[in-house]
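One structure is given below, encoded as structure tokens.
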């Protein structure tokens, strides 16, 4: 049953979005029907609730987190849901007439229904987290509702402020609720409500209180978070009417009331809630006086009235709680009707500005009368509902709850606030309906359509009826609600209009007469038409908020982002090196690691000399990398060679072979790339030209590099001098031949034991080749490297200058003898590749080495003959080779499935062939063949793609020249 | 035969290389060697290297030995030059030799031999005028060098007929 | 005695080759021109190959032969690339 | 436990575990030689492959959900039929199955999206994409430290390629930084792995877990040092401050489908940290237990802060999304560092939710911005300016604008905003709630003293980061959808918007089915806190046949 | 596994002698790189290593393994052959490149194109 | 042996790291290459240093760590070499593309006021 309250609005919302946008009536009827159904349902549930029963619905959502979809209707929730749905029906009816033809109504009603659903969700939640869910949903949906007319900048700002403030509060509240859940051990509302003492006595009570209050006070626009509410006025008036009366802002006080039994009654509660409430009560009322916008006035009045409710709740006395609940209802009725009235004025006259409005009584007497009654209720005039709750408030205000200054001040402050309320109520009525006939209204005012006024009629009637015979009308409902909050603490109270001459009555009288007097005293000031109250006008909440938001979320954030981050590479690298260094060193330093002793003995002088050369190469390469790229590359090659020799020296022939081959290809690649990096002009290296800053930076980098190098040296030395632990290597050494079928253990590891690594590794090569290829297809060299290199231009010029020579003779001559040899070397490299490939399983070599070796054969041909020459003769399909390679390697692995073994299980068989004898047929060889094919393809592809740029560049150069010529013309 | 063995010399060379690499004359090894070297010769065909005919291949070993002897001599001579480099003024210089060798492979081999021999280095060969530019460490023996080169050329002409 | 002599002479040979490599490095580092550096690298490679051969002899192990062979057969490729770069400004035209 | 030696050969179902790696790998290989003009064919094949991977991942997750023993081959796949710790093994458990599902789901969405136009921006998109998927899946599945390196490199290499896909100065500049930093990080990865091998003699993660406690103190220090270096490499990938400055730029520069998949790339770093941290330095690791946690907390929180600030400071949606990635990473890292077992389940839920959201958002951005200023079609500019060399054919594949485009885009944006800010009722909220709950649900009755300053800071950051996302999304959303008076309606094709909708729908589904999802995450977290059980499963898995 | 010390004395002496000789040749050649004054002269230096040094050391290697493993292992011949064939390629290319550079920089001590042309004489 | 090799690794690392921190793309690629050597040697060293014990078994033989060096790091280095090679190629092309698009070889794609 309860689920209808949630399901119907949300489903309706969803359906409403699909209404055509010109179907204003139909959409409104639909939305109204939904609201009505909900209202009728709550009406129907009353008898059940009235007997003190609690209606529950529990659906599992995330039981692991204690979050269940629990709906729970007690009297208080019932009162709220009745209010929400009832006013919802009226607002829909009103909106049907209010919304203009061109407004996309389906969106409006969809959002409206969603909002109603969220609000119902809040009041019906039986689980704290579910409450938070609906809580934030009202923030989100209200954001969309306030920003409904998003072409209007005010609407956008208003929506944003509302969401930011209430959303923030909601997030804080969530934390508070989670902590409550932790204290109680459950998020279930019943459980929570039963654990008041545990919560109040918990050391974290203060924290929880502040967090929860952040949510509640922001939502109900309490000082100092009040300023979002007036800006929410930019919403369509039906929305304002709804948000300000029964929903949104009421959610805050609803929560305060809901948690009142478990949170209230402490000093902290009294002070925080009371201070916020009193400040809001007075300031809201005071500000309301000085508004020029009808809706603005009402908005501040709402703030003030919510302050009143908050003060009531802060007092911690059950009677005050009753008053609070009562005022919630009363405020909803008169405020909704007032907003609607203001909307009617706006709708029919075209403005809400009190400076332009005047004497409307003449044009819309019924509306004016209704508005007057509602205003009177707002002002707390006797025989209207507002009076009753205010009297109760006064009565509570003079009671002493706690002995302190705040408590003492409460009666005076409330009287002053009530006085202000009278003033602004009077102002609302007087400036709009009385005075001289209006002069510059955009429209000629008249009474609204009959049904547009009907909701106002109804609500004003309610104000009157409740005001006159409260006990017979609202009484039982109120009692039901109050009992559900206060339970056994429910006090005796009477809802009579007349309680005799007592202090509250005097206070009311003072407020009424004072308010009227104040209004007439201030008329001249108000007539100046200045928006906003004196002095405080300068302190606009919105502007402060905007300033703060811009400063925090924009200026500071941007400077912080720039300060804490960087878009340069060098600092990032520096940080990375530094952090890595620290990360590696800290465990050793903190752990008190013992460094091994330094052993100088047994140093091979040849090896030492070799590494002296290697170190020289490395340092030289670093030194030359800026201005002598070629020299740096040469030195890098030297370091590579020393590395290769080291591998041989230290029993790793496979590594040496591979490193050597890779070395060669890398060198050629980088040289191919150097073509596109014009020579760096040597900068003047005079000492004065290098700034101190640069020097310091270099010194810092040098120190960091030295530290990194030193650390690597230390850790390498440490590791290498430690005894080898039990390693998995023994397993490989023992099984490489017997089970892997090869004597070269490294190769067996690569193609069998850890063949999967190799598969991944060739995939990496494949990816890189494809990337290089794709990127180079889009390569656009810098203009200064488009031209042929200087050498070629000179040589071509030379050839051109000599009649007996043709262009290209120079290079042909240059390469004449070498190319003969290089051509013959092609089959030789092929032979070498075949040899490396076939012996790989038993001796150093393998598919990878073979592939690289053969690709070097191709490079030689390209170097000697040029791209065109080679490609006219050899059909090279590196992409296909790569594809085949990867497929063969994968398929070999999959092949073992046929024999019922996992991927890559190798099979080694010996086939006996005539003449030849036993031939090893290991699947690993097939796998290696795939490796070979892929490596060959990938390497050749990268080299060719890079080499092709030289063929493309002249074309591009010609085109660039052409464009330039055209531009010149 | 040509279709199967487009470059018999190359195939033979490759086959020999195969045997040397594998250190094996087992039937399987030989068969594989034949297959690989033949296949590679086919690939080489695509690049169309100029064919040469080894007319008198039997003169090759003798020629090789002579070259090795020259190399040994040159090594000694160059070593002396290097060791005395600081004490004696440089006598290095460029010289040219006119050649009339037609076969491009023979020419390449000649250039190789000359360059491989310490003390002489081919720098440039003008195909139109058939002039070989050399750099020699010891220009005082220019005539000797020229004679040596011409001698090699003559030998190679004999072999590549 | 004999063994010691062998060890020492092998070591001496290796030191000599390493020294030769150092000379090559000197040329690489000093230049003065690019061709000198490349020549130095070529020499370094050849010397390195000889070092590998002597290491093979020293350990009496043929497993290191292939590394030397690779330098001999295709080690010249990078030098060719350097030389071509010097001459033509690009390696492959 | 498993019935050792009972099956002489493997069951066909056993090979299911490796399919998420092999299928994309083989398909990528097949796609390479296909002519680039046949892009739709390539796309279709790629789609089929990704779909297969996704389906397999879902099946595997269903198996995993029932517990490791019900997995094919008890979830351990011995490559080459070599047992752990000697050979490489793939290990499927709840966590890896979850990550597989997440990654392949995202990949599927991105794949579909790319086929509208982005795959024409350069060559070999689909091959690279498949290889990325293979790399990702491999990283999730492998149980071997060095094999993890290989798959990391595979994934990274493909990500380099895909980031550069379409070329252009912005991508290349961003790519240069991305690649440079990650190459340096890869070097660290190698150093770390080799240190660990040098100290323990094994590369298998499960084996390591059993060995750590028994190591001599000095060896253990060395392992810690190696793990720390390794951790730095992972943290670079995970995007921890201050190692992550490259990330927003790179992610913003990538083409939308690529950026969407990148959303899961950082999560690989997170995944590995979760995996290794709990495996190597869990309760069983003796004095090494909990190694590095403090740094994770500090780094993670700083990352949240920095990410949140970046989110606020972002003017462009692309960077905002990039910074959201950082927030997400930071949240997870700090959650792991805080080390509350109850939080881990929430963290995993958060991981899934935030990844899906960010991916959807990355896909959405371009669609939204496409409409904002006509003519700023990024692709068109790229094609025009740099594609002139070889790219003559450019088929106009963008169809007519579908009706209600703006509404759908707006709704999607709203959902993304809600999800990113962690607002109810969607999964972003549930995730944050789960994290909070986990944080507060620590053992010990005295909540007030049990909560450390770090815990409170984390709470604050969790809330503030949500707030910053809310403010920033709000600002950008208002500017994009509300303030532009005559924004042309973007021309969006169905296959572009569908993936966005599906990803967001997945989040909604996750919100609705949060119960079962949390149950799965809880079980995953429980598994992770029992490293020895995991190790035993991996190390005692039977080999196929009598080998 | 065999060791160098397993060699019979005569072979050991021969191997060591050859090796030292080869190393010495190589060293002297590389010394040329250090001492010779011009690039073209230095161009000759490495040929000592590629010819003399390589041949002698390969001989040592062949002898060593032939004796140790009692069979003729002559694959060092391949090294000799390929070094002889490939080193000239690099040297010629390098020398010629240097020549071109020097010519374009109008160095006096470098021969012009050997073919008479209107603006330059032979040599 | 260990001392010399670790000194070499240290020097390679230091040079590489220094270059990694430099502003020119070419410096960075050379730096990465040097680091890659260092890292490869480092991984290799984790199998401890052994002279003349290559992990190549005699036919039919069963090896053990007493006679042969640890083959595992060697296999790892092989993989690392290949991947390093691929990454160098990739980085090279990216730096070329960056130079082409931005007109500068600065790592940030734009000249910075100093350095």
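Labels A, B, C, D, E and F are assigned to the chains in the order they are written; within every chain, residues are numbered from 1.
As a convention for this text, contacts are C-beta pairs under 8 Å (C-beta built on N, C-alpha and C of every residue); 3 or more make two chains touch, one makes a residue touch a chain.
The UniProt protein names, listed by chain, are A, B, C, D, E, F = Cation:proton antiporter.
On a predicted model such as this, the values are computed, not experimentally measured, just so you know.
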Graph distance between subunit C and subunit F, where chains that touch are linked: 1
Where subunit E and subunit F overlap in contact partners, by chain label: A, C
Other chains in touch with both subunit A and subunit B: E
Centrality ranking, top chain (CA atoms only): D
Pair joined by the larger number of C-beta contacts - B-E, A-F: A-F
Whole-Å gap separating subunit C and subunit D, where each centre is the average of the chain's CA atoms: 48
Mean-CA-position distance for subunit F and subunit D (Å): 28
Chain centre separation (subunit B, subunit F; CA means) in Å: 39
CA centroid of subunit A to CA centroid of subunit D, Å: 16
Multi-partner residues of subunit F (at least 2 other chains): 20, 28, 42, 45-47, 51-52, 54, 56, 72, 79, 83, 86-87, 90, 94-95, 97, 101, 107-108
Multi-chain contact sites of subunit D, meaning residues that touch two or more partners: 146, 150, 153, 157, 160, 164, 167-168, 172, 176-177, 180, 184, 191, 195, 197-198, 203
Multi-chain contact residues (two or more partners), subunit C: 14, 17, 19, 21, 38, 40, 59, 61, 63, 69, 73, 75, 80, 82, 84, 86-87
Partner subunit A, residues of subunit C touching it in the complex: 11, 14-15, 17-19, 21-22, 25, 28-29, 31, 34, 37-38, 40-41, 44-45, 48, 51-52, 55, 63-64, 66-67, 69-71, 73-75, 77-78, 80-82, 84-93
Complex contact set, residues of subunit F against subunit A: 1-24, 26-31, 33-34, 37-38, 40-42, 44-65, 68-72, 74-75, 77-79, 81-90, 92-97, 99-101, 103, 105, 107-108, 112, 114-115
In the complex with subunit B, residue positions of subunit A that touch it: 804, 812-814, 816-817, 820-821, 823-824, 826-828, 830-831, 834-835, 838-839, 861, 865, 870, 873-874, 913, 915-917, 919
Subunit E-facing residues of subunit A, complex: 791, 794-795, 802, 804, 810, 814-815, 817-818, 821-822, 825, 828
In the complex with subunit E, residue positions of subunit B that touch it: 17, 20-21, 23, 68, 71-72, 74-75, 78-79, 81-83, 85-86, 90, 92, 94, 96, 111-112, 114-124, 126, 128-129, 131, 133, 135, 137
